[in-house]
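Each of the two complexes below includes chain A, the first together with chain B, the second together with chain C.
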Partner chain A sequence: MIETLLNLIVSGILIGGLYALAALGLTIVLGVMRIINVSHGAFYTLGAYFTFLFSVMLGMNYIAAFLLSVVIVFAVGVIYERALIKPIRKEELNVLILTFAAAFVIEEIVKFTFGPRYRNIPPYLSGTVTFFGGSVDVQRVFSFVIAIAIVTLLILALRFTKVGKAMRMVAEDEEVAGLLGINVERIQMVSFGFGAVLAAAAAALLSPIYLLYPAMGWDPLLKAFAIVIFGGMGSITGTVLTGIIFGVAEVLTGYYISPTWKTVVPFILLILIISVKPTGLFGEEE
Partner chain B sequence: MRGMRQGMGQVGQGMGLMQPKKFAVPLVFVAIATIIPFIAPSVYLLHVLILAHIFVIYAASWDILTGYTGQLNLGHAMFFGLSAYVVAITNTMLKTPLFLSVLMGVASAFILSVAVGLPCLRLRGPYLAITTFSFSWVLFLLASSAMIWLSGGEEGVRGVKTFIVGTIPNYYLSLVLMLISVYILYRIASSETGLILKAIKEDEDAAMACGIDTTRYKLLAFLMSGTFAGIAGAFYAQYMRIVTVDVVTLELSASAIAFSLVGGIGTIIGPAMGAYILTILFEGFAWLADYRVLIYNLIIVSFVLFLPGGLMSLRDLLRRREEEGGGVGGA
Partner chain C sequence: MLQVKELTVHYGKALAVENVSLDVKEGEFVAVIGPNGAGKTTLFKTISSVIKPSSGEIYFEGKRIDTLPPHEVAKLGIAHCPERRRLAYRMTVMENLELGAYLRDDREGIAEDLNYVFELFPILKERKNQKAGTLSGGEQQMLAIGRALMANPRLLMMDEPSVGLAPLMKERIFEAIEEIKMERKVTILISEQDASLVLPMSDRAYVMETGKIKMEGRGKELMDNDYVKVTYLGL
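The block that comes next holds the complex of A and B.
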């Protein structure tokens, strides 16, 4: 009984780490550019399908496929930002509408390219490890560890590298950042690219665990929204913790209530949070 | 054609005055719409036009909230879909009379708009967009998987009763319903209330400083928006006699935006026009159906970037050119 519970919590944490990774991309774009990117889920879809293309269709090594997809999605993100976001960035309503529609465009392109049916990437790591008497797939542990490594690297990069500091400065105050000689537009372009990369990385890491289909991006997108609002918009620690809470809540609902309800629960929680404390669990009062 | 364009020009200039020409375009439209079943008695064409009428109400109802008030609703299908499902489920499973089912459907859309609107209209920023999006996603998840025992999933709820049998009677019913709905929405939008809504869109703080209870007006716009979408959904359910998961998809929410952007958001008439044009185009040419979602959304992206005012703004542009050209017009 307790063992089952512990086991469920562990697998919840493992999945939650990946949700946190995807949500962080949204947080960064929100913080640095002050826009909500509704296309975030589409970058997730692209990350999964590029990994599928390179590893399954072209038979490349998984690590190479992962790196290649991430680089390509970064390029897509940068071009996307230049072509679509930059001309209208100040118009909040239009940015939301455009990124919503662009997500469908990407989804449809994926559908016409790879077909509408489900695809899967076979796990490249087999075996299980024992945790508190329960067993967990090595694949899941590996994906989680990589995700946490990426999050850690990101936090360090934001703190210590030149680009990271510039990003924080732009997030703090765009005008002052400009006055200090930071190329604000370039920093925003790069941040958008990084945001897309985090979604793609999460997808690439989840792809041996979950099935691929063209509309796969909406669910993580909405989860990322929920996580970002729960975590208090813009807070990295809040985002990571909430991501993990979400993962655990989802796995527990799936086991104790019903698998079809597990995807619904996060949104019910989100709606409750917005009604009661819209600044989120970890957010500061304005 | 030229005469019509000049007529439209006069409509704009005579805004607010009781000019007979103000009614020229709507009257011509109503006249054509009335005789269509006689000159083109094709069941398929009329079916397409009925759908167009339904989507006109749906698009115009999105516009009163987002176009006028600036509050972005990314999940408008939830009102349409909830109402359609409530009509279908109460009518087929509880055997309530259709009239009562329709009332319950519209009421459920109204209640949903209170539930969504009350918490998030007090907030600024992207909360409404995210909340409406999440709500419609929850409804989609419930209809497509978690509550499939009730919704029937892809199979849908079948055997809904209809008010009147036949395509032609339904055509006229939909036409009347559409005209009344658009008229009401247009009148509200052109009234003082409409001005206040536009003021909120332009600058909410300024509107507040003028002593306007902005939350109340935003909620009012939201309630109207949800209720009219519910009316469209209820009519859809009794006309199609089957309600499937299609009525709560994100794609349907996106099409409200596509309709409105094509016509011109914040004009009521524009979104109505957009719904007409796109529905006739895509329902009329069956081979286009596969590309519908792609093209609708490419349209949204292009219009946001290149023609954010939609076709209505093109008309204003033409008129301005004509004025600058010394009133020579298209000659």
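The block that comes next holds the complex of A and C.
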């Protein structure tokens, strides 16, 4: 009984780490650029399909496929930002609609290129490890470890590197960042690229676990929004913790209540926290 | 060093600065005094290129700067300590100071300037690992000035450094500004509502009202001017 519970919590944490990774990309773009990027899920889709292309279709080893996908999505993100976002960034509503439209376009391009049917990337790691008497796939543990490593690196980079500090300055006060000599537009372009990369990395890490299909990005997009708001907009700690909370809540609901309720639970939690604390778990009052 | 020529600036649709000409020579301490809403902040922001003028030109050491983006203006050696501090409140005191030196890579020079800032404002050293948002208003103003000094600028612009501070803290800030004037080879352009604080230490000053320069003169001359006495010095 208690073993089952612990085991479920472990699988929840494993999946939650990947949710956190994807949501973090949204948090960074929101913080540094003050835009809501509805295309975030499309970058997730691209990450999965590029990994599929390189590993399954072209037969590259998984790590190389992962790295290559991430680099390509970074480039796509940077070009996307320069071409589409930068000219209209101050018009919030236009950005919202444009990123929404672009997400559909990317989805159609993926459908056209790879076909509408489900694809899968076979797990490249086999075997299970035992936690609390239950077993968990090595594949999932590996994906989780990589996700947490990326999150940790990102937090350290934001804290200690010059670019990281510049990103935080732009997030706090764009105008003053310019006065200090920070090239705000360049920092925003790079941040957008990183945001896209985090979505792509999460997708690439989940791709041996979940199926691929052209509209696969919408579900993680909504979940990422819920996580960002629940955690408190702009709070990195909040985003990471919420990702894990949501992962655990989903797994527990799926097992103890019903798999149908699983996907709704994060949104119920979101509504609850917002009604108690409108700024989210770690949100600061302005 | 700095020449502002017939500058007109709109803030949204409102006319904020109208046909303003101003110049600052190397080594000078120049003040712009005037009431709230006179256009002082808009003028400063336009010099930093945060706001683009409707007409007129701005030159720094002979180079036209109103067409450059703000970070390029900063690169030329202009540091702008903005009105109401505008710190990175979620970052530490130390990180704010480091960001002040964002464009520099002379480690030794940065370390020297950091020492200078900590000597000028010892409280900042004590609080260096605290978030800027936890500082008092006066301490935040010290940090804003310190951050601008960390750029080791050739022209230091300070926009209303005493605004919102208690009288004692105002004096403390202006003592520090006087020290900076004496000890650093930096040209200073400062705006201030409290003329009694800034005029005595100014080489020259401009009086700005409703977007226009109403008069200009040497600091001491203006202190003896009847209009300035009545309107700004409360005498």
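Keep in mind that, in the parts below, the second predicted complex is superposed on the first by the 280 of 286 C-alpha atoms of A that agree within 3 Å, B and C clash if a C-alpha of one lies under 4 Å from a C-alpha of the other, contacts with A are read in each partner's own complex, and residues count from 1 in each chain.
The criterion applied here is as follows: contacts are C-beta pairs under 8 Å (C-beta built on N, C-alpha and C of every residue); 3 or more make two chains touch, one makes a residue touch a chain.
Remember, it's a predicted structure, so these values are computed and weren't measured experimentally.
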Chain B and chain C placed together on chain A: clash or fit? fit
Expressed to the nearest 10°, the angle that the Cα centres of chain B and chain C make at the Cα centre of chain A is 90
- Task: In the overlay, answer first, second, both or neither for which of chain B and chain C A:168 touches.
- Result: second
- Message: Quick one: is A:178 in contact with chain B, with chain C, with both, or with neither? Answer first, second, both or neither.
- Response: second
(Q) Applying the document's definition of touch, where does A:101 land relative to chain B and chain C: first, second, both, or neither? (A) first
For A:26, using the defined touch cut-off, is the partner it touches chain B, chain C, both, or neither? Pick first, second, both or neither. neither
The answer to whether chain B or chain C touches more of chain A is B
In the superposed arrangement, does A:227 touch chain B (first), chain C (second), both or neither? neither
After fitting on chain A, the minimum C-alpha spacing between chain B and chain C in angstrom comes out at 13
In chain A, both chain B and chain C touch residues none
Touching chain C in the complex, chain A uses residues 162, 165-166, 168-169, 172-173, 175-176, 178-185, 284
Chain B residues touching chain A in their complex are 66, 70, 72, 74, 118-120, 123, 125-127, 129-131, 133-135, 137-138, 141-142, 145-146, 148, 250-251, 254, 257-258, 261, 291, 293-294, 296-298, 300-301, 304-305, 308
In the complex, chain C touches chain A at residues 48, 50, 69-71, 74-75, 79-80, 82, 86, 88-91, 95, 98-100, 102-103, 147, 151
Touching chain B in the complex, chain A uses residues 36, 38, 84, 87-88, 92-94, 96-98, 100-102, 104-105, 107-109, 112, 218, 222, 225-226, 229, 258, 260-261, 263-264, 267-268, 270-271, 274-275, 278
